[in-house]
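These are the structures in question, set out in turn.
Two complexes follow with chain A in common, the first pairing it with chain B and the second with chain C.
Then we have the complex of A and B:
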């Protein structure tokens, strides 16, 4: 395979196929321990929520130990701009400090996303001082189940820096000791013995 | 891997921006605040950030190509697992960075198409070949090492989504670098043949990694928009010096020799001489070194490097061969793969 792939000729110029369009963006939140908030992790592009959860697990569930994952279609999240007039329970996410990721902070009942934002500012602790608030209808959130295993089951330290730390240190010690010995032996009159 | 400091960013005309809003924007930057996509920003800033994130995304997915080719030839199961995970990480970095770019107003499909038709670029360093396992070790040690240094400074930038992505990416880069360091150490403490292979790969990658940080800065770089608006936070030459200060003594400790080389059009070394200028300047604490051949840098960036065509050809083939999959997914239809 590799040899063939080494020798592909480059077709130049424009593509003759039409623009294809993108998948839907989903925002992914991860929960690092049971009972803790869901923290904004990033986005994935997916065809539907099931695919978003699947990609989210691969993409954002493997760097840190993670027990739960939420996927929310991006248009379902309101930050104050477009209003959603749907009645129900809204999940509230707060960015406490500039640059921090949004974290889930509780729920409010409201008639619309605008009302949800107002209610959140009043009722959710920390919301009034938050740098940014997001709300999303709870029913639009797709979540992993309580028994889903997201974190790896086998030892995968080969994909983490700490999986190499002690070996690397030992090897450096060996290399530097060897150099010191060579330096020390430099003036040995080897040919005399 | 990757980092986008050699993206050519030419940003001007803020003349037509509302001076009041521009002043507020710059005051927020000076106060160390982060700019979020919904905030007001100069059109040139939005355009510049899009260009930067797109270039970075392109670099992540093209950068994974030479490494991907080595998965089947990795020397042990552990190395194979690690390299597979590394390549997966890099494609993931590409996904995240394309997502930022999408939010700034360009579709992903358009970006993928612009990349394979040569309208946009990727990092110059990926136009060099990786003919041996030693090159895979050097890419992870030197290039991922350089990328970490660069991306750490980008994580101090001002654009919120980009900054948060850099923080997340850097966690994974730490693994790439450490496993690269482990591979280089293994080769250099191995057999004569392994040490020679490692030295040859080092000769191929030392200068590309010094050029990684982009061309020398202009005298007024700190006043130009990319730094004025904290799209980047450290000068190319300063990053380059820090890189040499860290890696030159480490290479010497490993028993590697630092050479100035000439290469054939395929990027294979044809002659080498020791870098006579290489030494620690006790006064400044900086390692001095012979400057890279910047003509080569510009030649490669203009498309005449050893692997420019090869990288684009493979990416374009992948895009075209993957079309039926995307079609099936997007339309939810039962499209079948094309008959062989």
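Then we have the complex of A and C:
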């Protein structure tokens, strides 16, 4: 951080209308390889769907290789509580085991979210045994395109904890190779890695 | 082609340094926003984009280092002020004014996208390959700036006024991004920095105007003067001198230290 941050005199104060007034929650799903399911990653607060995708990409698309993102407005996803009476195609997400994230498992056509859940339990493989089912109207899903870059093409392993750990490990190994190792190996090193 | 004609080496290195230095200094400026951006989600996104710029600069410094027989660290931290080739617009402190930070992103990122598209067609294969990768990532930055410009420009009267003020302050500085390095024409005719089909300044200013128009902002932008002697020739603002003094402080203590 630069010293410039030590004395910040703002040119202007806060906006008249706080930015938070416009924010809506969006649930983000990531796809790790083409053709694979979209997996629940978390959610972001965003001003609109385009920004939800941008935030989702930076928050959830940089932990591992990721080729696709979905952003769905949170109120558009239901697990059976409030019923949505919209007719159309619903995307079905299943949580197979407790602790597992929800994964996209296919689509059903239905008159309402309740019917979509019933149809999913009957027609989607694994749904009957799933711990939890979510459905969302497909038209509410905002998705990245096939040419969009999410996972960076330039080497950015240093951004990740494991990238940093592997650099530190390489340096430790250099130290060990230089033979001043015994004490380190017994105590610190084993604990740390 | 991977070898560079002897007489083109210096202009080629200068050109690539101008690309790398723009990214390096802008990335450094933007990284100062970490923890301070207007909302949490944006804080993470903006920090991530700043890291991208520095990663891009690193990749370019490695390429230039290979040509000049110098290390990336040495190029990034070991040059004197007049050895840097960045444009003044990336050097300016944004005073932690979000409108300024975002307007600068619009002007610089759209320029960078066009420049990378030209470099991606370079006859120097390693550069063309690298530039295509960087160009694909650059699109993320362009989209990000566009979203904010439109959102804040077309937001409230208050947000529009702030955006207009920031744009008016930066617009006169931006055309110096186009200042050519010495020998640029020779690089163009040799295909190392191929000319785009259309006028690059016009393409850039029209693409900026399309976004500011959508945002309801006024834009007045003039082409750069025919003769310029600015950042691409090593003439910099005092802000860059201050930035480098601080950024290079540790490196200068022991330039040959192994990290």
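Just so it is clear, the second predicted complex is superposed on the first by the 140 of 193 C-alpha atoms of A that agree within 3 Å, B and C clash if a C-alpha of one lies under 4 Å from a C-alpha of the other, contacts with A are read in each partner's own complex, and residues count from 1 in each chain.
Just so it is clear, contacts are C-beta pairs under 8 Å (C-beta built on N, C-alpha and C of every residue); 3 or more make two chains touch, one makes a residue touch a chain.
If you're wondering where the values come from, they're calculated on a predicted model, not measured in any experiment.
Peer 1: May I ask you to name which of chain B and chain C touches more residues of chain A?
Peer 2: Of chain B and chain C, B contacts more residues of chain A.
Peer 1: Please work out whether A:16 is in contact with chain B alone, chain C alone, both, or neither, and reply first, second, both or neither.
Peer 2: The answer is second: A:16 touches chain C but not chain B.
Peer 1: Output check: A:34 vs chain B and chain C. Expected answer is one of first, second, both, neither. What do you get?
Peer 2: neither
Peer 1: After lining up the shared chain so the two structures overlap, which partner does A:152 touch, if you call chain B first and chain C second: first, second, both or neither?
Peer 2: second
Peer 1: With both complexes superposed on chain A, which partner does A:79 reach: first (chain B), second (chain C), both or neither?
Peer 2: In the superposition, A:79 touches chain B alone.
Peer 1: With both complexes overlaid on chain A, does A:166 touch chain B (first), chain C (second), both or neither?
Peer 2: Once the two structures are laid over each other on A, A:166 reaches no partner at all.
Peer 1: Would you check which partner chain A:63 touches, where first means chain B only, second means chain C only, and both and neither mean what they say?
Peer 2: First partner only, chain B.
Peer 1: So, A:42: does it touch chain B (first), chain C (second), both, or neither?
Peer 2: It touches chain B, and chain C stays clear.
Peer 1: I'd like to know which partner A:125 touches here: chain B for first, chain C for second, both or neither.
Peer 2: In the superposed model, A:125 contacts neither chain B nor chain C.
Peer 1: Where on chain A do the contacts with chain B and the contacts with chain C coincide?
Peer 2: 1-2, 5, 8-12, 15, 17, 19-20, 23, 44-45, 47, 58-59, 156, 159
Peer 1: So in the complex, the part of chain B that touches chain A is made up of which residues?
Peer 2: Of all residues in chain B, those touching chain A are 33-34, 36, 38, 69, 72-73, 78, 81-82, 85-86, 88-89, 92, 95-96, 99, 102, 107-110, 113, 116-118, 160, 163-165, 168, 171-172, 174-175, 177-179, 181-182, 185-186, 188-189, 253-255, 309-310, 312-314, 316-317, 320, 323, 326-327, 329-330, 332.
Peer 1: Please give the residue numbers of chain A that touch chain B in the complex, ascending.
Peer 2: Counting only chain A, the residues touching chain B are 1-2, 5-6, 8-15, 17, 19-23, 25, 41-45, 47, 58-59, 63, 79, 81, 98-99, 101, 132, 156, 158-161, 163-165, 167-168, 171-172, 174-176, 179.
Peer 1: What part of chain A is in contact with chain C in the complex they form?
Peer 2: The touching residues are 1-5, 8-12, 15-17, 19-20, 23, 44-48, 50-51, 54-55, 57-59, 62, 148-149, 152-156, 159.
Peer 1: Spell out the residues on chain C that touch chain A in their complex, using ranges where they run on.
Peer 2: For chain C paired with chain A, touching residues are 28, 32, 34, 36, 38-42, 44-45, 48-49, 51-52, 55-56, 59, 93, 95-97, 100, 133-134, 136-137, 139-140, 143-144, 147, 151, 155-156, 158-159, 162, 243, 246-247.
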